[in-house]
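Two complexes come next, and they have one chain in common, chain A, joined by chain B in the first and chain C in the second.
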Partner chain A sequence: MAEAAIHRRITPPGFGEQVADALLSGRGIWPAVPAIVVLTVVAVIPFAILLSLGFSDFEISRGAIVSQTFSLAHLTNALTDPLYWITFQRSMNLALSTTALCLLLGYPVAYLFLTGGRWTKRLILVLTIAPLLTSGIVRTYAWLVILGGRGVLNSALLQTGLIDQALRIMNTHWAVLIGMVQIHLPVMILPLIAVMSRHDSRLVEASENLGASRIGTLRTVILPLSVPGIGTGSALVFTLTYTTFVVPQILGGGNYLNAATMIYEQVVFSLEWSKGSVSSLILMVTCLIVLVAIALLTNHFTKWTKGHDA
Partner chain B sequence: MMQGPAGPSNTVETTAPVLGIGAVGKRFGATRVLQNFTLEVAEGEIVTLLGPSGCGKTTLLRCVAGFWEPNGGTIEIDGQDIVDVPVNRRPVGVVFQSYALFPHLTVARNVGYALRMRNRPRAEVAQRVASVLETVSLTGFENRYPSQLSGGQQQRVAIARVLVMEPRVLLLDEPFNALDAKLRGAMQVELRQLIKRLGLTSIFVTHDQEEALTMSDRIAVMSGGKIEQVASPDEIFDRPATAYVADFIGVSNFWETQAETGHVRLPDGQTVMTDLTGGVKVMTRPHNLRLGPPEAGPWKGTVSFHRNVGPLIEYHVEASDGNVIRVSAMRQERDRPVKDRSQVSLSVIDPASCSVYPG
Partner chain C sequence: MTQAAKSRARISPKGEVSKLVAAGSAGATKTGKAARLPSGSRNSFKACRKNVINAQGAESRATARQVLPANEKSLEENTVHLTRRTVLGGLATATTLASPSILRAQGRELVMVGYGNESDAPLIAAGEELGRRNPGISLRVIGGLSAEALAQIKAARGDSPYDLAVMGSPAIINALAEDVLIPLDFSKIPNSGNVDPRFMPYGYNVGQPIWFEGIGIAYDTSKIANPATTWAGLWSGEYNGRIGMCRPQSNLGLGVLAATCEAFGMPQDDMAFALNKWQELDPLVGRSPPLLQQMIERGEVDLAPLWHVNTALAAGAGLPIGYVKVTEPGPLMLPTNIVHFVNTAEGTADLVHEFADILLTEGIQKMAGSAPIYFGTVVKGVPVAPEAAPYVPSTMAELDSTTSLDWPIFAPLRGETVETFDRIFAA
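So, the complex of A and B:
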């Protein structure tokens, strides 16, 4: 009796339920509020402080800033210093060539995943994800063992007589590039696979049935449909490699200066926070410019996904 | 290409088949999906492969298209074995179940795809695309993307995309599955008329008997990788060769009995001629049965259910021997249907229309 009465009565939701409803309804920004709070405290505020240091002259006394005046001097110094131009250019070159190489090496793997049988697919997934289970630092040190003067690669080449003097790979641009490509390859392959396996496999059959060769199908069907994956993978690999610090530090042997290692030295060793701040800003802005370019290109090649409402 | 007479259907019987499938087999591991499958399709003929899922009909279609390689047997087009010809060189067009339209290409580029892959000059592509789009009444939709089209329009694009390459054989893999019931009926008629007008030799795969009866010149009813019967829709419906075919197509009433020498006695006392002896199964369609007043004959029963299906009334009659017999009668407005739980007698209208199968 009592239970039946409860079900019949219309009761307004309590305050707790209203809050939960608001959070879970997916409307507005409510579900993201916890993350926004955390990010504001640990990322936005520190970054704002850092930026303010880059655009001011300040005086520190007993660990606290005592006076601060606005100044563009640090920025103009940085932009007129050839060292900055060389360093950022090197970072940009490294990141762009790593992204291009990852795409070149990763795309065939994703294609194999698309066309391969069940076991090929599984093998590719395992081999792609397995490296991600170990730390990037460990993998970078592994390259030391392989590429070093008396490393695996040189020993093998010397023993087979292909070379008669050990190659100097470690502590060069090439060592950094090889390490970067290997470490970031899975980040390129996974979005490619995700996007490519979203499409009906009958599209490939239809293309062949209509007279396209394998290469024709790749060019006219598989490639255009995988553009979103190429965009996502490239954006991820570029961002990671442009701002990376560990690989150039270890495989470059300390004398390979890229943007991230330069900022590290400015902030940690020479305690020039204003320089570090300005460098970080340049790094962020140039990174955003490339990301926007990638997004615009991706959009240009996926116009067909728009206008589903017509 | 064959140099035979240009396809008027009255010469079908005398010309060589366009598509000849000979003793084709296909296994997946230990499972035999197709066994010794043989079928010939004449110029301009639409043959339907009809059967439940898993009967091998789609497997055969994929072997003809070249997506799968058969384990033995021959597939000939105009007398030439194409088993070793790669997919993209076969003169075969496939309309896929889900259409498989290229989502990133406009209607015009989807339709022109086959011509561009054959490196035809741009002007020729444009002209042929326009003419094929006109054939399927899609003029004006050139610049739409597939996602901007209705299901019926998408199907027309899928057909146009195949027609443009003028295939020798057209393969249709359950092309109506994605359409709602009403549109499906209209598209069936339209597609059959179009294929017949163009004189395309076609194989049509479906599990829907109504679709098969509408679309086909001949129907091949399949079961377990083999053909049970190949015949015209009328013959399949009126003279099913096996009990399986009778059961699969249309509504059928079966009863088991013993054959006497040269004939079988029906429950209402009439007889059907047969060569079979011993236990047999007799089958007849609901429209070959008639209800009468209970005293009119020896075969009595009780109406357990009736319903109005448009022009017909369908009765379920529980016969005194325990069988549930289905009877249909033309519905006349002035008549009142026989009420449920009425006592009735059953009789066969034409004993010659009954089929007798080994029991």
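So, the complex of A and C:
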């Protein structure tokens, strides 16, 4: 070992080894360079091109843009149009309520994972991951079978005599919300499990030994320690819900319009790319604002936890 | 070198390399230096290699005297005598081996936008016929909306990933606005002369009409005994809250709005009027015709304007769904056309024309007009299949009154109409 170490010191590493050392050292941005290049080519550049269309009037010949002039008209029109405000407000409400419901339903599952036995943990993991193995479209269509006029829910309620006429759940905001929560629940549970199972279980034991009740331990020990998981899960669920397209498309019906479906229609059916570009920009900016708020809140409560630890 | 090493060197098919290894092994073993040198050292490797070369140099000449005669004999035995037969045989073998590549180079694949369901069958059958007539040519049908294809071509800045498409008349108007179509030369489509003249204008001089779809009213026969037979009849008050409609982003939704205008004596492009009239009916809205069809199937609406093809498919599956060929205006039809996209490969145009011609043959038209496809035929003299008669104009009176809409005046309003629709229904 010592001889080999001396030899390494004597023989300077070649250029290839130096590059490999730099990449594997974890210092700087080098390890992320391949991902940055790929993202730049497939995401940043196309998105920049798309955004540029929102700030220009252009002419097309044989499918190609032949002239382009700068214009702020599309942005100002969008910002002063009540339809945009209503649509984005609806999307925001839907995303925030989905995130809150996913947290309310997901946190107890993650807590059960933390406190449960080996088989409980395995069962929770299987039940959480299994839905992710099927397509989101298939899972959304399953709700058509359940919530439809002749669906499982209405049939059961009619047969038991609780209602005498089928409830109209499909093609409403509630159908979209139910579908959203079910589809995105695993995305909330998994980060919570990851963060909560990482903590030292002796902290919980110490809390209980010091006389804290289970609720007290949950409130003062487990909950503060799981704040990073709550932040990560909330950010993921919010982003996916705010920008989702499939669930409102299938469960919301033609009367239901959210930001993603509006952009799809502007780009594909109306072929009004300037409007689609401006809508995408508004979607991205508003999404970023909420993500920053989630990050700040997470940091705030994590610092508070660390302060108590110290 | 040991006798065994010499023997290995002689019989080895690897020649010099094997001899070097054999000699090197012997030399290294003899000196024993390799085992004593530090492992992993570059210097040790150089020393080892030097030993191998020295050992070979000392003994290789003696070994060569024994090896050479055997090699010469082997060379003599293995010499290939070139004759005419061997040359021809070699050429034949090379041609056989290369033929897949040659065929691939000569082959060409036409890519078209189709329906993505069983309605693609006549397109595929026509593609196979095209392949039989032109060896090496094949057709790939990709399911999708023509609107999505237009968006993709626009995204690709005019470099179309498709050669051709089936496209309804309103989509042609949008495609012309985007300047992504090459007009077809109808003189290169001999069967075009057999097409009923009333359909030809709906290709707008760029597309060839191949069949049509009707717009009527689909209804749940278990809930409605006597459905409306005219467009204005929908406003009798009987259907309020029970009716479905399609968003105007689809040709169906847009066409129904224009028909509504026509039914109430308004210009077909007065979309605000039509939308307000539909709001009176308190409709449930389907995002697309297939989703609207599913809403009827699930019992969410009792009736809705629908393509005759969607209705026939649902009824064919045994569901209690009937169809009315609504009049005043109507029965309404929308021709489907073959169109050729810009910036496709050279030589594609002839194939597209030939493909359109095949689609207009009697065999393909009969196939497209029967179950489970149910398209209306545009070719004169092709009879309506009995199973399609409840859905497409089949009597002389129906055929005479069959009409379409003035798509060029309201199709360009699609985006604006969708926005107005959202302001009224979704906001």
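Following the convention adopted for this analysis, the second predicted complex is superposed on the first by the 291 of 310 C-alpha atoms of A that agree within 3 Å, B and C clash if a C-alpha of one lies under 4 Å from a C-alpha of the other, contacts with A are read in each partner's own complex, and residues count from 1 in each chain.
As a working rule, contacts are C-beta pairs under 8 Å (C-beta built on N, C-alpha and C of every residue); 3 or more make two chains touch, one makes a residue touch a chain.
Note that this is a predicted model, so its numbers are computed, not measured.
Student: Are chain B and chain C a fit on chain A, or do they clash, once the structures share the same frame?
Tutor: In the arrangement built by aligning on chain A, the partners chain C and chain B fit side by side.
Student: Thinking of the overlay built on chain A, is A:205 touched by chain B (first), by chain C (second), by both, or by neither?
Tutor: In the superposition, A:205 contacts chain B only.
Student: Now for A:108: first (chain B), second (chain C), both, or neither, which partner does it touch?
Tutor: Neither partner.
Student: So, A:13: does it touch chain B (first), chain C (second), both, or neither?
Tutor: Neither partner.
Student: More chain A residues touched by chain B or by chain C?
Tutor: After superposition, C is the partner touching more of chain A.
Student: For A:62, decide between first (touching chain B), second (touching chain C), both and neither.
Tutor: A:62: touches chain C, not chain B.
Student: Quick one: is A:216 in contact with chain B, with chain C, with both, or with neither? Answer first, second, both or neither.
Tutor: First partner only, chain B.
Student: Once the structures are superposed on A, label A:34 by its partner contacts, choosing first (chain B), second (chain C), both or neither.
Tutor: In the superposition, A:34 contacts neither chain B nor chain C.
Student: Note down the smallest distance between any C-alpha of chain B and any C-alpha of chain C in the overlay, whole angstrom.
Tutor: Least C-alpha distance after superposition: 36 Å.
Student: For chain A, give the residues common to its interface with chain B and its interface with chain C.
Tutor: none
Student: What part of chain C is in contact with chain A in the complex they form?
Tutor: Listed in rising order, the residues are 38, 40-42, 145, 147-148, 150-151, 153-154, 156-160, 174, 177-180, 245-247, 249-250, 284-287, 291, 294-295, 298-300, 342-343, 414-415, 418-419, 422-423, 425-427.
Student: Quick check on the complex: what are the chain B residues that touch chain A?
Tutor: It is residues 65-67, 87-90, 92-94, 96, 98, 100-105, 113-114, 116-118, 144-145, 147-148, 161-162, 165 of chain B that touch chain A.
Student: Spell out the part of chain A that touches chain B in their complex, as residue ranges.
Tutor: 199-200, 202-203, 205-213, 216, 220-221, 224-225, 302, 304, 307-308, 310
Student: So in the complex, which bits of chain A are touching chain C?
Tutor: 3-4, 7, 11, 60-65, 82-83, 86-87, 144, 148-151, 166, 168, 170-171, 249-250, 253-257, 262, 265-273, 275
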